[in-house]
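I have placed the structure first, in the form of structure tokens, so that the comments after it can refer back to it.
By letter and in written order, the chains are A, B and C; residue numbering begins at 1 in each of them.
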Amino acid sequence: MKILGSAALAIGIACASAGMAAAQDCPVKLGAVLPVSGPMGQVGERIAATGLFAVELFNDAGGVKGCPVEYLLRDTQGQSTVGVDAAKALVDLDGVAALVGAISSGVSLPILTSVAVPSKVVQISCCSSSESFTELAKRGETDGFWFRTYATNRSQAAMGAYIAQQNAFKSVSVVYVNTDFGVGLAERFAEDAAKLGIEVTSMVAYNESQQSYRAEVTTALEGEPEALFLVAFPVDGATITREWLALGGTDNLIVNNSLRSSDYFEAVGSQYLQNLIGYDSAQPRLPSVDSFNELFEARFDGPPNGPGLHSVFDAVTVVLLAMEASDELTGEAIRENIRAVTDPAGIEVYPGIEGIERAKALLAEGKTIRYVGATGALQFDPYGDVQAPKMTWKLDGDTNVETGYLSTQEVAELISSLEE
Amino acid sequence: MILQHIADGILTGAIVSLGAIGLSFSMKILRFANFSHSELLTWGAYFALVLYILHRLVGEPLGGALGPFSFGLPIVGAAALSIVATAALAIALHRLVFARLERRAGAMTMVFASFGVALLLRNLVLLIFGPDPIYYNTALQFAIRLPGGVRVLPDQIFVLGVTIAVVIGLHLFLTRSRAGIAMRAVAENPDLAAVSGTDTGRVILWVWVIGAGGAALAGLFYGMTVQLRPELGFGLILPLFAAAILGGVGSLYGAVLGGLIVGLAENLAVMVIPTGYKPAIPFLLILAILYLRPQGIFGSTGERT
Amino acid sequence: MIGLLSYLVFFLILALVFGIAVLGLNLQWGFTGLFNAGVAGFMAIGGYTHAILTGPAREPVLGGFELPFAVGLLGAMATSGIGALLVGLATLRLRHEYLAVATFGIAVSIQLTFLNWAWLSGGVLGLIGLPNPAKTYLEGSLAQNLAYLAAVVLIAGAAYWAMQRLVGGPWGRTLRAIREDELAAASLGKNPVRIRLEAFVLGSMLMGLSGALYVGFIGYVGPLDYLPIVTFQIWTMLILGGSGNNKGAFLGAVVVWAIWTGSGFVISRLVPPELQAQSGAIQAVLIGLILVVTLLIRPRGLIGERLEVSRHARS
């Protein structure tokens, strides 16, 4: 009976809160489903905090339609069942108007198919890279509710090959994380490298969160490649890099965007990474758009180095702008207006309180805008994917510096040259 | 390159051996598969870290790294503290959870409880020390080249040496000391040992202490040669079980040999199978030995309990 | 109110689907005393079988059969049963603690196989676009989920009824006899290995069915769905609900899933986002504590087996 009693009580509380959620004025609720604990916890925690930061900035600029935005974060624990339930609770019990998340495609996909699409809620992810999303969208199964601010694997692989070519590496070994992200990227890279006449000496997949990667590293060392292309996340990436260097591997490292992270530099030791070359999505070449980095530094006492930070900031901001542009906070309206606030013909607006205030003013006048954010000028294709300009970077002492820039146009040309 | 894989296998296997000794005895004498044993490695590694941090706070009176190694004299204190603290933790777990459960619910419930204890221990580490990896010494140690082009880290040679020393020490303990002889007696035949006046309760405490001590050292060494993170032990569950079962539970040399075989198999297997399958290797070893020789390499034929 | 109803329907679907797996584990552990630490592996076999049989064609991955939903469920039970038969033949003669270790390893290996063998499973990408018949015939998310819930209730009810018949009958008595005293049962002419194998296979078939129902509902299957934590969750449901009691299996599934998800709900309300990483760890610590304390205070769970004095439930 005790159980029944407490269950009834719980339901009562839930009813009361659901009742409040149903009334659709203040505050406006934004749901976030992210892994803040579990294997991806280290990455997820920062992403969650940056998402909150984007919401705070928006609130400082007056919120959505004069309402403060409430950021409801639910932990997926890196588990799809928990993530699915959390997303459903956010939609049904809290009445969120849109979902941000998740990180792993293996969690984002079930949320999309079982919660976001059936409930007609926009889902926007900072980080899920799987090609399955594009495929689902092409099959018409996302109903357009899926977006991601993460530029697809295609351009990343091309950047890896581009760096290898620019540095005249003749042979490269690839060590990659055994997830949809790593596998997709590594396989594309191998094709691209072959096109450019670069020998791939070995392709070594590693499973996440292993204690030691000696066997993998020893395998990758075979054939003594001139460079290593490492596709990893900071924690495991640091382990692999340390073992690689300790066992005499070359310090010509090419690394993917997620390793542009102070966690990685500190764990390996910057002094060992002076020959590293990385790529990442770039900020567009506009003086006004250093703002994200500055805003971030002011808030977190450190530069925004880490996977997904730029893209989650844009994901949240785009969704909130789309809400501002919507007459009613329905999934359909937000879905349409995401395109209205990233319109290439629109007036450019930038991150930060002033930028958002300006965007809101323009939207109030009925104009379309083009949000140019932390990952550049976002433009979603019909399947919810974006392309972004790219940059290359390296470490100079402890600070990471930009060494090259490729505009969206140049990235597209690079890809098409590789696909001829 | 095969020589390199063999060297890697032996050197990583030595750590698995240290961790598996305790598991092997506890499977034999405590008669349950303790899935939380691997978390003792994690705790051992973090206990040692605490001493390192304290040592740094008082201005490193014992000095820094020595010679080619990544560590210096403080490692002796760190190891000692870690062994004592991990043993205390193990005894606390025994008193608070496992001993009570055995009286009330039987051995198999203990197995499940050990899953719960493992979750609890792992997340406590996460809570206290955070998810970021930690290094005892962030300076990178470079491998030295042995004849044949084999590259090894000085630290790993040291670990192998300590493992050999620990095994010799445990051998002497088991054959010369009263407690050790009692332990062997209980392992061989618990009923007979009890009838002939052996204090089984004391023996059980010794098993926990030895198991925790080995786990603490293994955790410290793993942390030293790779890094510390809350999942340190969790990833070693299957290798540890494989080593214990392979060697034959209750056998000191069995556990050592089992650990080396696991290390070698993991490192050699990646030459023929994709690395993505590597974590399944220990399991295949378990399956193979259970088919071919269920009592393990050094185990005596035991009855089904 | 619609929101709450919609969520409860969703919650119950997942909880009852897990409950079917708990029912299978209850047969293995509660009635037979077999420690299966590889529940997630059998759920994975069922889930992937269902996905391959019912899913659309996708080059170069196996599939494209587009068979009816029910065939997918039956196929899932068949393959997980065959898998359990192979595993059981190899391991059921072993001592209990070896069985635990071996099944744990099997689940890890099955998960790795689905993760790496792209032709079979879609590899890291998983399998997408799986049909859910409720979505084909009905409009509106709530109606679809209600229909699916009805199907799950029917299937769970049928499984419960079948289990009650089985364990209440002569076969069930033999099971318990073997669990309590194998030697005595063997001396009465019962073949303990064979009976244990039957229980193991039947239980694993229910786990496969559970995996298939989950995948059919979600419309996607991927390797991330079958980590060892799933096994732990199913076990917690059984222990809390009460092993040896089929009603307890479902009660445990609902209660544990409510605690697991409800604590996340409470945390999201009470804990500011910047502290949520710690609260995730606290949540896991609490779940571990609840479990250990339950085992110590109520080893038989909320409603455990009552009649027999068993060595699993000595007072």
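In this section, a residue touches a chain if its C-beta (ideal position, glycine included) is under 8 Å from a C-beta of that chain, and two chains touch if they have at least 3 such contacts.
Just so it is clear, the model here is predicted, and its values are computed rather than measured.
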- Message: Shortest hop count from chain B to chain C along touching chains?
- Response: 1
- Contact tally winner between A-C and A-B is A-C
- Item | Distance from the mean Cα position of chain C to that of chain A, given in whole angstrom | 33
- Note on the structure: Chain-centre distance (mean CA atoms) for chain A and chain B, in whole Å, is 39
- Task: Going through chain C residue by residue, note those that touch at least 2 other chains and give them in order.
- Result: 112, 115-116, 277, 281, 284
- For chain B, residues that touch 2 or more chains besides their own: 126, 131, 274, 276, 279
- Residues of chain A that touch two or more other chains sit at 37, 41, 45, 178, 205, 207
- Query: Considering the complex alone, what residue numbers of chain A touch chain B?
  - Reply: 37, 39, 41-42, 45, 178, 204-207, 209-212, 214-216, 218-219, 221-222, 235, 238-239, 242-243, 245-248, 263, 266-269, 272
- How about chain C: which of its residues touch chain A in the complex? 1, 3-4, 6-7, 10-11, 14, 112, 115-116, 123-126, 128-129, 135, 141, 144-145, 214, 217-220, 222-225, 227, 229-230, 255, 257-258, 260-262, 264-265, 267-269, 273-274, 276-277, 279-281, 283-284, 302
- Query: Contact residues on chain A for chain C in the complex?
  - Reply: 3, 7, 10-11, 14-15, 17-19, 21-22, 32, 36-38, 41, 44-45, 48-49, 52, 71-75, 77-82, 84-86, 88-89, 91-93, 95, 104-107, 109-110, 113-114, 118-120, 130-132, 135-136, 139, 141, 178-180, 182-184, 205, 207
- chain B residues touching chain A in their complex are 1, 4-5, 8, 12, 126, 131-133, 135, 138-143, 145, 151, 153, 222, 225-227, 229, 231-232, 235-236, 266-267, 269-271, 274-276, 278-279
- Mind pulling up the chain C residues that touch chain B in the complex? 29, 33, 35, 37, 90-91, 93-98, 100-102, 104-106, 108-109, 112-113, 115-116, 232, 235-236, 239, 277-278, 281-282, 284-285, 287-289, 291-292, 295-296, 299, 311-315
